[in-house]
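Right after this note come the structures.
Presented sequentially are two complexes of chain A, the first with chain B as partner and the second with chain C.
Right after this comes the complex of A and B.
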């Protein structure tokens, strides 16, 4: 449905992305990479804010730029930095955005209250957005991205500013609608995608490092991640021969999660998590 | 005879289809599913946006904030008021053509400044991913502003200088200034998102025309330009405006142009 073919993006001499090839079918895709790896550049190309220097992006076989408005009609986008008009209420803002998205008034009138309810802003729908917190603005952003019931939903760091409860609510929203949509979720917060993404895309050094399911990724580390209890003084020495993924203070000792090197006799194998994979990929 | 044959043929064909539908189990499709299929299919073909798209013009005209409305009212009052006061108090000493020429582009430049004031990078980023892009909306609003500005000039000319013998010259000169300055404003809008160049242009135009009006030699020189020469200047300024508009459109719709 959405294909990225040998896409390279250069800004002058700087290469932001090189030879990216990806195919998307309905489902949730997590785009995971540290800051500055090219996530936002990739997303901006998908939403026609910028175009590849080389290669092409196809929507059902047609180049997205050629489709123009016909492509954008199917698009929902939440940028990293959500722009809005402070004088508008969420209701006014969503009315405006629905008009920009080409929704007729009747459809918009039905859809706006539903979305405000969905993101938990029904009770403040008449208040000006200048009084809103960052999390509330982000929720308005999520609502605007969903206005046109998009077939392709692109979200850049969508959970930034959301509290844990809101994050769970947001994950559930995405999960519910992933059946017939392509959802691409860019984040560097592993837990955001661990439970809902069908596939994960890792970007490293401006290339696609891997594109697999969570199980496949974690499966690679099966039997290779351990936990052991160490004394404070042993840690430095231990770190020289092992890759420490996490540590936790437990009274006088420290519980270390690690991989690589010889496991101490009292170490126990643990189930690898996506965070382990992420940390190892980008260490 | 042929017509009858066709009608019979069509009837037989419809009966055949009805029989087939009865013999086969055809699932009933919900309206929402049909709509969803149409929506999905629509992304397989390329279709250009139409100029007479009601949805687009609804955004252009309807979605203006209260601040925007106040701005237009204020622009009209400032323009109308300035023309009235200056025109009535100095009508014996000041050439109405020169006066109207200097003031006619004011609403247009104010509009451009206002549009730039309202533009915000992160908001525009979301808007640009929608069906109707903000650049295109802004461009349409600029054309509406040209119409609004022209109406204002016509109205001011007719109501304030009804007995002025050179009304054709007044309009030729005023519209020339409006199109030329409009072209400059449009060009600046398309190359920079900063309000500073446009503000400087507005200042230069107002101060420059003020000095021009204060000097009788200049107004006398303007009066010496023949009507047909003024008509040529108007044709030239409209051509410049059209050329700049097309160029600005290409710049404003850079993303679509890249892909076309």
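Right after this comes the complex of A and C.
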């Protein structure tokens, strides 16, 4: 349905993305990369806020720039920094967005209360947004992205500012929706995508590093991730010969999660997580 | 339509807009209070407004001669000797106060122009333009003849109308209507720039521009700004005119024909009553804020800060006025081009002085501002230019990186 073919994006002499090729079918895609790898640039190209220098992005075989509004009507987008109109209530804001998205008045009237309920803002729907916390604003943003029941939902850091309960609620919403939609989720928070993403895309040095399922990615490290208990004084020496993925203070000793090098005799193999893969990929 | 309604309401919710509008109306009320024309003169002019006939002209002539003779007698009694120079008679205190002097001048003009019409020498006074005005003179003669033919055909008689040859309407056309136009233009620049800035000021542009109609939003915002501006222009005009007509004693009927008025120095272009003339002036004046709105929208499309936009618009207006300053007013193509900007509907430069021009719309005065259909051509040219700029601004943004 959505194809990115040999896309390169340059800003003057700086290359933000180079020769990216990806294909998306319905499901949840997690886009993971450290800062500056080009995640947001890629998403902005997908939502037509910026255009490729080379290559093309196709929606059902047609270039998205040519489709214009016909492409954007299938789109739901939550940007990294969600702006809002301080004088509007969530209800007014969603009404305005529904008009921009081309929803008729009747559909909008039905959809807005449902979405406010879905994101847990029904009780404050008449309150001006200038009084809202960051998390509440983010939830309004999620609701606006879902307003037109989009075929392609693009979310840039959607859980930023949400408390753990809301993050779980949000993940469940996405999971329910993913049957017939393409959902692309860009995040730093590995746990957000670990449980719901069908496939993960890692970007590194402006290229696609890998595109696989969580199981495939974690499977690569099977039997290669260990935990061992060390004394404080041993850590420095240990780090020289091993890749330390995490440390945890346990009384006088430190529990170290690591990979590579010879495992100490008391080390035990553990199940690799997506975070291990991420840390190893971008060390 | 729903988006238009949202944008309309958003503009109207700006408190500063209402403060601007209230201040504008207040300024206009003060203009009316401070510059109300002399009531006696207005009433005199109103009473003497009427058809040019042998009797009416004879009355003016008789009255004039009688006043002149009395003044001369007083002069002889006070100073000895004789003079028929009315300026000298006035300065030596033989005519009366300033009002008496101006009424006498008007009476003399009406008598002489009325006599010229009755004698069939209507075109005679136009000769004064002949030496230097070339084609302008031809236009005026043609127009005068056309009008006389039209008047004869309609069974109308030439009118003594106070409209053109008095300052009875100076406050209205020289101050009040230009003030309404300038105030509305300033408000329209403000509202359109503020409206276009909103998405960037609140960081909502990225969400809005990837919706179905997001890329047309600036166009919709411009249309709603034009709508609000139109409502304000109508409201400010109505409030100001109401104050003017209530507070100024009217000796003049708005239904009298300005086209038939007997004053060859400024010949109204078409056969209009004063009411029609007033409506046409308001309508042509409307072109100025419309054009300023469209230009501001084009400026607002290219930058996201309304204060910077206001500075750019200030510079644009400055350049327009500078162009007009370079125009001498004579009928040359160069001057027509220099004068042909929206400001030409409002202002003109004459003898190095900046004058409001709204009192001279639709009239033949011997300068390039009075070329046939000048007002309509200027308004149409700039409306077209504004639309073209908007069209290209929209095309430019269709495939432009927004960030």
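Assume the second predicted complex is superposed on the first by the 283 of 283 C-alpha atoms of A that agree within 3 Å, B and C clash if a C-alpha of one lies under 4 Å from a C-alpha of the other, contacts with A are read in each partner's own complex, and residues count from 1 in each chain.
Basically, a residue touches a chain if its C-beta (ideal position, glycine included) is under 8 Å from a C-beta of that chain, and two chains touch if they have at least 3 such contacts.
Predicted, not measured: the structure shown is a model, and the values here were computed from it.
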| item | value |
| --- | --- |
| Chain C versus chain B on the shared chain A, clash or fit after superposition | clash |
| Touching partner for A:59 - first (chain B), second (chain C), both, neither | first |
| Touched partner set for A:151, first chain B, second chain C, both or neither | first |
| Chain A: partner with more touched residues, chain B or chain C | B |
| First, second, both or neither for A:67, with chain B first and chain C second | first |
| Where chain C runs into chain B (options 21-29, 39-47 or 129-137) | 21-29 |
| Intersection of chain A interface sets (partners chain B, chain C) | 47-51, 65, 68-69, 72-73, 75, 77-79, 81-85, 87, 95-97, 99-102, 141, 144 |
| Chain A-touching residues of chain B, taken from the complex the two chains share | 39-40, 42-49, 55, 58-59, 62-63, 65-67, 120-134, 137, 255-256, 258-260 |
| Chain A - residues contacting chain B, complex | 47-51, 59-75, 77-79, 81-85, 87-88, 95-97, 99-102, 104, 141, 144, 151 |
| List of chain C residues in touch with chain A within their complex | 2-3, 6, 13, 198-199, 202-215, 217, 398-399, 401-403 |
| Footprint of chain C on chain A - complex, ascending | 44, 47-51, 65, 68-69, 72-73, 75, 77-79, 81-87, 95-97, 99-102, 105, 141, 144, 148 |
